[in-house]
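Consider the two complexes below, in which subunit A is the common component and subunit B and subunit C are the respective partners.
Take a look at the complex of A and B:
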C-alpha cells in the first residue's frame, strides 16, 4: 500500500479512536452510575425482589424493595412503584422522597424506586436524551440516571416480530416485550422483563398487599394524563381521592378506568391476577412529547418547551402548558399529594386495615422548598443506612 | 433459544466489524474510509456491550 494511503489511514484512526473512547466511556458511566438512597426513619428493611422469586436473582432487574412500617402482617399495606418507566423521573423522585422521609404509623409501605432497573441504564436510541440529570439540594447535587421506557437491549434481546402477551395472548407492539407496563402479570420462564413482573406479582400475593400505586408521567399529546387510572376494584378509591385532591391539594386530577381489553398494564393485570387494587398515576412531562425542541436536562427538569406550547395553541394537547412549563417540583408534588390522599381514602374506607404515613411533603411544600430539599445527604448518613440503586 | 440468537448476533456483529476494518484498510478513497469508520462505531459499541 502506498505510504500516502497509510499515513491518511493512521490519521483517520487517530481521530476515530478518541470518538470511540469518549462515546464508550459516556455510555459506560451512564449505565453504571450509582444512585445513593438514604434509608429514612421509616425504613425497616431493604430486600431484593429475588426474595419472592429466585428466578430473577443475579439479573440486573433484581430490584431493591424498601419496607417501611412495623413489619407486622395482617395490616393494611401498599406497594409504591417508581421507575416502571425510568424516563419518567417524577415517579422515581417521589418514591425516593418517601423512602428517605416517611414514617409509617400504621400499616406497611413497600417501595420499589426502580421497578425496571435495566431500563434505567439506557436511553432512547435516536432520542438524543441526556445520560443523566441532577437535582439541586441544600448540600449539593444528587445525580440520577435518565433511563428509557424499555429494558436495555443489552439485557434482553432479541425482540420478537410481534409481542404476544402472557397469559392473554393479545398481540402487542414488538418492543413492548421490554416495556414493564405491558408485561404484567409476568411469567416465571419468560423474558427478563416478564420475570420481573412475575416477581412483583408474587410479592403482592405473598405480602397480601392491598394497594399498588404505579407512578408514571405522560406526554401532553397523550390523552391519559393528569389522572388516576383505576382498575374497577379501585374506582371508589380513585374517585374519592380525585375529589379530595382537587379540593385540598391545589391541583386537579381526573380518573380514568382501566380498559378491560388492553392487556399487560399494571392497572389491569394486578387487579385481575392478585387481591390488590392497582392505581396508576400520570403527571405531565413535556420532555416526552414528539414535538419537543432540544431534548436536554433543562427540558427534563423545567418542562418548558416552546414547540410543545405551540402545539397547545393549535389544540393538539390534552393538558394545558404555558411559559411556566411543568417543572419537576410540580410533578413530584402532584405524585406525593396524590399518594397521601389515596392512603387517607383507603384508611377511611378500611379502618380495620389502616395505612398511615407521615413525614411526606405535599404538593405545595415541594413547590415551595423544591424536590432537592427532601433528599438526604448520603455522606452525612450512617454507612449502614445508605443503599444504591 | 434467545441465548443462541444473541450469541449468533454478537458473532455477526464481530464479523461485520472486521469487514468494515478490512474495507477501511483496502480503501483508496478518503470519503469511503471515513464512511467505514463511522459505520464501525455502533458495531464496536454493541460488541463491547456499551450501547
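Take a look at the complex of A and C:
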C-alpha cells in the first residue's frame, strides 16, 4: 500500500476516533437509560410479557405488564398500551400516570408502558431526534428515552426487501416488519416484533380482556388525527365516548372506523383475532411532521413550530395549530380524559362487567398542574414499589 | 430571529462551505461532510457527534447491498461468466435488433422490480447489457444512459416500489392497486428509452465482436453461470412464497450467498480476498457519498433546513406544484434518496388528495419521476454507479445530457398521470 494512503488513513482514523467514542457513549447511555416507575396504589402485580408467551423471554421486548385492580372477580378488564411507537411520548406518559396514580374500584386494568421496548432504545437515522427528554416535576426532573417508530435494528435485523404481513400476506414497506403497529396479531415463530405482538395477543385471549386502548400520536399532515380509531366491534363505544368527551372534557375528538384492507394494525387485528374490542387514540404531535423546523426537545414537548403552522395556513393539515402549539400536557391530558370516558361508556353499556378507575387526572387537571405533577418521586417510594422500564 | 431566517442562514452556510470545499478540490464526500459540519456550527450545535454518527449509518443497508452485489458480479466476471453470456447472446440474437432490445429491457427491469433498488439492476444485469449494447455500436455514454434510465424505472416498477410503499405507509393507505399504474408506464418508458437512445445501433459484426471478447474458460457453461443467479433468485422468491417459514436473509446475505455459489461454480480458481479488496476499492467513493449524504440529511433535519425546503415546496399553489414535479421530485431524490418519499411524498399526495385527485395514480406517477433524481448531485449515486459499471471515462455532464430526452418523456408521463389521475383510476384494480 502506498505510504501516502497509509498516512492518510491514520490521520482520518485519529480525527474520527473521538467522534466514534463520544457518539458511542451517547448511544450506549440512551439504550441503557433506566426509567423508574413508582407502582401506584392500584398496582397489584408486575409481570413480564413472557408470562403469556415464553418465546419472548430473554429478549429486550419482554415488556413489563402492570396489573391494576382490587382483586374482585367476574368484572371487566382493559389493556392500555403505551409506547407501541415510543417516538410518540404522550402515549407512554399517559400510561405512566395511570400506573403511578390510578385506583381501580372495579375490574382489572393491564398497562404496558412500553409495548415495544426495543424501539424505545434507538432514534431514527436521518431524523435528528434527541436521545431523551425530561419532564419537570415538583421534586426534580424525570428523564425518558425518546425512541423511534421501529424496533432497534440491533435487536432485529436484517429487514426483508418487502414485508409480507402475517396472516393476510399483504405487502408492506420493508421496514414495517419492525413496526409494532403493523405486526399484529403477531406470529409465534416470527421476528422479535411479531413475537411481541403474538405475546400480547395471547395475553388478551388468556386474560379474557374486553377492551384494548392503544395510545398513539400523529403528525398533523396525517389524516387520522385527534380521533378514536375503532374496530367495527367498538363503533358504539367510540361514538358514545367521543360525544361524552366533546361534551364534558373541553376538547373535541372524532371517530374513524378501522379500514378492513389495512392490515397489521392493532385496531384491525386485535378485533379480528381476539374477543377484545380495540380502540386506538391519536393526539397531534407536530414533532413528527415532515415539514417541521428545528428538531429538538423543545419542539417535542411544546409542539410549537413555525413551518408546520405555515403548512396549516395552506390547508395541508388535518388538525389546527397556532402559536400555542400542541404542548405535551395537552396531549397527555387528551389521552387520559379519553381513557376515563371510554371506561365510563364501557361500564354503562356493560354493567355486568364494570371497569371503574379513579385517581387519574383529566385533561383540564393535567393542563393546569402539568404532566410532571402526577409523576412520583422514586427516591421517596419503598424500594419494592419501584420498577424500571 | 424567525425559524425561516435561521434555517435560510444555515442553508447558505452549508452551501458556502460545500462550494468552498469543492473549489479547494476536496472530494465530493468530504465536501458534503464539511457542509454538514458547517451547518451544525452555524446552527449553534457545535460538533454534534451523535447526529454525525447516526446520520452516517442512515444508508448502511444500501452500502451493504452495493458491496455484496458488486462482489457477486465481480466473481462472475472473474470466472468468465460475463464473456460467456455476452458471446452466447450475440451469437443467437445479433441479427434481430428489436428482439434483442426487448430481451435487454426485460433483463434490466426484472432485478429492480423484484428488489425495489435500481442499484441492483445496474450491478446484476447492467454490466452484461452494457457489453452487448457496446457491440451494437453504441457509445459508452449512451449505453450508460440506457441502463440508468431503465434501472430507475425497474426500481419504480411493481411489485416493489419503495417510493410508493413509503409514501403509502405515511398516509395510512394500503399498498394495493399500484400494480398496473406502475407497470404500464414503466414498460412504456423502458421501451421508449432503449429504442430512442438505441436508434443508432448497428447490426453486430459478429466475427469482430467474438474476436475481441475474451474467451471464457473451456469448462464454463450455462449451468456454471446460471446456478449463482438461480440461487439468488431462489432465495429471493423463497422469502416471498414462504414468508412465514423461510428465514429473513436480507439482500446483502442473499448476494453474498450468490457470490459464494459463483466462487464454487467457477471453472477457474477465484482469489476471493483479492476480488473482495478490489470490490471495496471500486465502491469506496459511492459508499463514502452515501455515508456523508446521510450525515448531511441528519444535520439538515436537526437545524430545520429540511423543514424549510419541504414546506416551501408543498405550499406552492397546486397547479405550480404539479407543473414543477419534474424538478422537485428528482431534486428531493438527489438529496434525500428514498427519504424523499416521507418528506415530500406524504404532503404532496395529501395535497393532491384534498384537490380531488386519485391518490394511487398520483403516487404511481410521482414514483415514476423520483428515480430520475438518482443521477443528480449531490448524491448521484445510481448515476455514478452506472458510470463505473459501464466504464464511462467521459465527463459526468455528458452522461446527464444523454439522459435528458428519455427523462423528459418519463417526467411528462408521470405528470400526465397526476393530472389525469381521476380518469386513470380504472387501472387500480390490483
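Here, the second predicted complex is superposed on the first by the 371 of 389 C-alpha atoms of A that agree within 3 Å, B and C clash if a C-alpha of one lies under 4 Å from a C-alpha of the other, contacts with A are read in each partner's own complex, and residues count from 1 in each chain.
What we mean here is this: a residue touches a chain if its C-beta (ideal position, glycine included) is under 8 Å from a C-beta of that chain, and two chains touch if they have at least 3 such contacts.
Values in this document were obtained by computation on a predicted structure and should not be read as measured data.
In the superposition on chain A, A:23 contacts both subunit B and subunit C. When the two complexes are overlaid on their common chain A, residue A:138 makes contact with neither subunit B nor subunit C. Judged by the touch definition given at the top, the superposed model places A:5 against subunit B, while subunit C stays out of reach. Of the two partners, subunit B and subunit C, it is C that touches more residues of subunit A. Of the two partner chains placed around the shared chain by superposition, subunit C is the only one that A:221 touches, whereas subunit B remains out of contact. When the two complexes are overlaid on their common chain A, residue A:158 makes contact with subunit B and with subunit C alike.
In the superposed model, A:54 lies in contact with neither subunit B nor subunit C. In the superposition on chain A, contact of A:41 is made with neither subunit B nor subunit C. Shared interface residues of subunit A, touching subunit B in one complex and subunit C in the other, are 19-20, 23-24, 27, 157-158, 191.
The part of subunit A that touches subunit C in the complex is made up of residues 18-20, 22-24, 26-27, 123, 125-128, 131, 157-162, 164, 166-167, 169-174, 176-177, 187, 189-191, 221-224, 259, 261-263, 290-296, 305-308, 310-311, 314-316.
Of all the residues in subunit A, the ones that touch subunit B in their complex are 1, 5, 8-9, 12-13, 16, 19-20, 23-24, 27-28, 31, 122, 154, 157-158, 191.
Of all the residues in subunit C, the ones that touch subunit A in their complex are 2-4, 6-7, 43, 47, 49-55, 57-58, 61, 114-117, 159-160, 162, 165-166, 168-172, 174-176, 236, 239-240, 243-244, 248-253, 294, 297-299, 301-304, 307-308, 310-311, 314-315, 336, 339, 342-344, 346-347, 350-351, 354. Of all residues in subunit B, only 2, 5-6, 9, 24-25, 28, 30, 33-34, 37, 40-41, 44-45, 48-51 touch subunit A in the complex they form.
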